[in-house]
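Chain naming follows the written order as A, B, C and D, and within any one chain the residues start at number 1.
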Amino acid sequence: MTEPRQIDFRQWHRLFQQVPDRLVEEIRYYRHLPQAEWSQYLFPPSTHVVYGNRLLRKLKFDNSQAALRLWGFVMSEGERIYRARQAGMKVIAVMGDLGAVTPLVYSFPNIVAFYPDCLWWTPFLMESRELFDEAGQLGLGEDCCFVRASLGAFSRKAYFPKPDLCVGTVGATCDDMATVMSEAEQLGVDIHYFELPHRHDGDTDKTALSGYLENQYQELCRRLEQATGETFSPDRFRETVQKVNRMRSLIAEIKDLSGAPAASPMGAVEMMNMEFAALSYYGDLDECLAVLTEFRDLMKFRANSGQGYQNQDLRLVWVTPPADPLLMNYIEELGGRVVGSEYLIHQTTPIIDTKKDPFEALAEAHLKATLMGSSAYRVNLVIEQVERTHADGVIISGVFGSSHCPYETAPIISALRQKGIPVLSFDVVAPGKRRLQSQIFNRMEAFSESLKARKKRRAG
Amino acid sequence: MPGKMNPRERWSLLLIDELPDRPPVYPLVTCHAARVYNCDLIEYCTDGRILAEAQLEAQRLYGHEGLSVFTDVGIIAEAMGSKYHLREFEVPILDSPLITDTAMIGELGPPDPTTQGRLPVYLEAIDRMYSAAGDVLPIFAFIPCPFTTAAGLRGVDNFLMDTVLEPQAAHDLLDVSLKSAITFCDECILAGALPMLVDPLASGSVISRTTYSHFAKSYQQKLIAHLHRYDLDVTLHICGDTSNMLDLIPQTGADLFSFDLADVDSATDAMGDRVRLVGNLPPHGLLPSSNLSVTQGTNSIMEMGLKNPKGFVLSTGCEVPIRCEAQKLHTLINIGKNARYEEVW
Amino acid sequence: MHELYKQIADAVVAMQKDDVKRLAEQALNEGLPPEEAIEKGLAAGMTRVGELFASKEYFVPELLVCSRAMNAGFDILKSKVVEGKIISKGTVVIGVVDGDYHDIGKNIVKLMLEAAGFRLVDLGRNVTAQKFTSAVITEKPDIAALSTLMTTTMDSMADIVLALQRENSDVKIMVGGAPVNEDFAKSIDAHFYGDNAREAVIGAHELLGITI
Amino acid sequence: MDVITGFDRLEKHYLASESRPKVGYLCLRVSPEYIEACGADALRIAPRPGYDLSAFTPIRPDGCSFCRSVPAILETDVYRNLNAIIAGTCCDQMRRLMDTLNDLLDIPVILFGAPRTWNADPDYFRGEMIDAFGKIEEITGNAATETELLERIRVHNNLKNSVNHLRRQEKLPTALLQRISCSILPPEEILSFLSNSRDLPAIPAEIRLLLAGSIPGVWELDVIESNGSRVVADATCLGDRVFHRLTSEKGDPVQQLYQTYVEDNLCPHRRPVTSTIDYLKNLMDERQIDGVVYRSVKYCHPWGLLAERMKKELEAPLLIVDDDLTSPAVENFRTRVGAFTEMLKMKLRRRA
């Protein structure tokens, strides 16, 4: 195994030549279908550069085969969803709940789920304003969060097939997503609204809330039965949830490994990709498990043997996923490593109880949702991450125009300051605004310098 | 207008076996762009910045759905040492081939695309176009196939005779040409372009089916296999008459076939279930002097093209003539843009 | 006809340069008239090659190799030809049009026309309208033959045809090349379009009213 | 506007004399009847004339400017002595505003879950509402009895009837309507004020406008009506919408209040938004509207992000102005509204 390093797409292009043909042919998704050439996905970033993902020219990637596989898997999701449809599978869009309802969706046979919300990455990956402009023409301008890109995608009809059903979560979640769904409905998408109520943290009895959520799950289950023409099967559900639980444990294990004491064993962007697998398993639960298992094995090997990236010593927790992955690369260049994260997907972390009634178990897990509760709940999640990972500092990458950032950022910052944790907070800027982006870079530089100085002072 | 796909989106759907709102419209606007941009061809062929700006300017004028990086088919042979002739207002042409004796072949190696010949011109052009418009427009780098490059290294007549008289030497030359093509393709990819393989000399107007099979196809196949390893969709363009070899084209592995003199229906019959077709209004129809009806010609091509099961790209059979009449090209493009597949959703 | 002529023709068709050379020398040794050996042996062979080319059995590589074989025989025979024994059927000025340097097609046509007994004046490639017209004045050809392989330069062809007709309305103009077709030829007022070299030979005869 | 001056005087007088506990409430998901039945005064928290809303706020600039202005509103005399604040989870920002207030204030900040979809599990959401008012009962030490609830419903219905009647007769200027809808007066006082001003003259209007959008900054009407056009229908959060839905006086009053304020609430954050759009359409027909001024508050997602959709749905000349309550662009608003009404006038003249 080669020394862990972060390399660029050029280096990966050449390195890829050494990947055995056998492996390129073997690694594929939808293994339950007859083998087709389109199902291979072990390809280097340069492939996706050619197809317009311009940011990949600037990013740094881990040099392991496991990371290559993860990237290939993530980048092929768009095509995969189309192939699912071509192969006669039902395609369910899930919006707004960020990973809580997908276990139920996948417990139906011949079905895939995907997250249109996640297209908020696309404008950044492509360094393009196309989808934002499209959303703008439909009424969602710059005062709406980046998730408006997914409305652009709904409108263009070129990013995913028409979903057989779109599960849209409303209520105690982002308003922006709710608006996107409402507009998508205008475009002819069949939407099932999943009402997520506000969770009173701490002081109230959760039974009523849990009962309410169970009802929501039952209703959703009925809609899925209608959409698929299949009956819900508790056995299949249990089987699916076992896999989902395995994935959740894997993700937790990998997250822990990222804090390995000797050196950072993995890049922050890869870690983020890995963590987001919890949302919809990138459209293939079984293959996703295989990808993450290989990824975990590598991380474990590196952590145990003290291998990792050199000169990345500042331990950081990242709060709110940055739509622009370049920012993560940049902090690594400045000597930082991301050892913890709070990406608003806490609902994807609990192990679902397979002994309970399915809907009760799902509701119980759902109650952990980051967005459902008060800002204080999220502040505590962040603090808990920081303490557990012994972080030197925190970076909050906000999203302008979202319905939670304007309110949450201030309390998170103040809670961290009270604990003496340095924090850098900024809003990610949309592609094409270079001057603003360089300001963020400058602030990151200053932040990393001050953290280094602080570390030195403390050591001395 | 909301909901209108951009070229990148249209191509992406086509390449994963989904029908977009309509076929992409991609006439092969190459050196004609220099005329639109009002620059000398010599500048166009030697200055990546000018090539890029001219392509972008022509695309803005016509609104066709892809950028083309192409000056001449000798680009690789020149970088390897053949002398090409560059003069004002003219496309570079082979002047003196490098390999005057087949014994010299053994010393040949692939060129360094970043320094040799005009390969850096291509790379700069691609890089600039990709940065300027790569999010919405695919960029096609026209890469000469080994057969054509070998002819450029050896001289056309000599190489064609080699295929009869010294087949082993021909194969040796093809091997090194293949390596060169791969090296150059890789750099073009890294700059952001999708290689489009052109093999004008492997045309049915020049060589037999047998010669094609033995000397051209197998190298096209190897080059395509290299690109497929990276999951890239490859367009193969062969000029002239290809009607006698249509059935062999799928064996190259090409994902798209851009063709000149063969009708769309026969091409559909021969490969429509496996290969996307790109074609094929006769370029001379776009000349000011031509009285060929562009409207009629395009309509009939489009009608046949829409039926190709693997998808279709409306194009010209070969390069748009330098002196193409703008109005005629607009006509072709408008017809393409008004065509429709069934409603996407 | 002498058996040897047939053997020479066969050797040309079979692309056997050494055989052609040997047979040509044998013909001279046997005292056969060289002009007859050229016409009934080499040229007859090339005519058959032309037919094979037209019927798409032979392509450019084969044609080139055949002509190489023919030329080897021609070099041996022509030195013994008595002056004036070969009568030209007419003069053809030939060239690849302005902006185009691809001369495979032109060379093939030239080859076939020569083999058929025409006198050829080869202007080479990248021939401007100016060069063509001055050649028409000095050489007084019966036919001007224009070729192009590139679509990018087809309009040069139109310009040249126009210039030639302005200069000498008697000269017959024939055009050919991969992107050219009947329609295009008509549109630029050329007198003849040939799809291949064999058609060019037939066309040249027709244009000058010679029966083959 | 003498009548408004009179109303202001009355409010001041009441504020000085009243000594019941005061409960502030946000948005239209809260029933003032219920608060009053608990023995407290219900004070709608909203911008009022003369308020400087640009004061310090911990909420970032991309928060909705109404939410951002609330801390400043609460600093003013009228709201300084609140005993509690209550709100339903209208939009996500309202929900989070309550978190912010909870950090800032020492009084109870009570939030109850309210549904985003229609007919969503009424038992659960009614429970949420009852729990929340239970906390107010604890504060006042006074349980809301069924009798008291019914009485408050009756009084509020009377007020609503009067307001609606005057609105239909076009004898209640929109400026006064907005003052009433965020008044701190009990309905009885307002009713008596209205009956004493019964000779309000009908208001002539050259151009009849609908003002729609989120909460207004109360200066908009002056600007709009300064050139002959009249806002004859007001669908903002301080307009006709506050009064249009009567509460049934039969059956369980809690259920009826739930129905009126939680279930039938017509905010565009409800999914699907069809009912809200229908309401606007009806209002436009009923009041014979010439054009719509759609004035949303910057970063108010429910109103703002649906603006283009409304434009399509309402099929009337529509001017969309996005404004910031904490730093209103009054002159920009004046120019745009001026041009819009000019255009409407020309259109009407052509038609005549």
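By definition in this document, a contact is a pair of C-beta atoms (placed from the backbone, for glycine too) under 8 Å apart; a residue touches a chain by one contact, two chains touch by 3 or more.
Chain identities (UniProt): A, D = 2-hydroxyglutaryl-CoA dehydratase; B = Uroporphyrinogen decarboxylase (URO-D) domain-containing protein; C = Cobalamin-binding protein.
Predicted model, so just to flag it, every value in this text is computed and none were measured.
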{"item": "Gap in Å, rounded to a whole number, between the CA centres of subunit D and subunit B", "value": "65"}
{"item": "Distance between chain centroids, defined by C-alpha means - subunit B, subunit C (Cobalamin-binding protein) (Å)", "value": "32"}
{"item": "Between subunit C (Cobalamin-binding protein) and subunit A, distance of the C-alpha-averaged centres to the nearest whole Å", "value": "71"}
{"item": "Where subunit A and subunit B are represented by their mean Cα positions, the distance between them in whole Å", "value": "40"}
{"item": "Interface hub residues of subunit D, defined as touching at least two other chains", "value": "none"}
{"item": "Chain contact topology (line, ring, star, complete or other)", "value": "line"}
{"item": "Which pairs of chains touch, using the document's own definition", "value": "A-B, A-D, B-C"}
{"item": "Footprint of subunit B on subunit A - complex, ascending", "value": "9-10, 13-14, 16, 21, 24, 38, 40-41, 43-44, 46-47, 49-52, 54, 57, 79, 82-83, 86, 126-128, 130, 134, 137-138, 155-159, 161-162, 187-188"}
{"item": "Parts of subunit D lying in touch with subunit A, wherever the complex brings them together", "value": "58-63, 67-68, 89, 91-93, 95-97, 99-100, 102-103, 111-113, 115-117, 120-121, 124-125, 127-128, 131, 269, 271-273, 298-299, 301-302, 304-309, 322"}
{"item": "Parts of subunit C (Cobalamin-binding protein) lying in touch with subunit B, wherever the complex brings them together", "value": "15, 56-62, 64-65, 68, 99-102, 104, 107, 125-126, 150-155, 158, 178-181, 183-184, 186-188"}
{"item": "Partner subunit C (Cobalamin-binding protein), residues of subunit B touching it in the complex", "value": "30-32, 85, 89-91, 93-94, 156-157, 160-161, 163-165, 203, 205-208, 211, 239-241, 244, 260-261, 282-284, 287-292, 316-323"}
{"item": "Touch list for subunit A against partner subunit D, complex", "value": "138-140, 143-144, 168, 170-176, 178-179, 181-183, 185-186, 193, 195, 197-198, 200, 204, 208-209, 211-212, 215-216, 374-376, 398, 400-411, 427"}
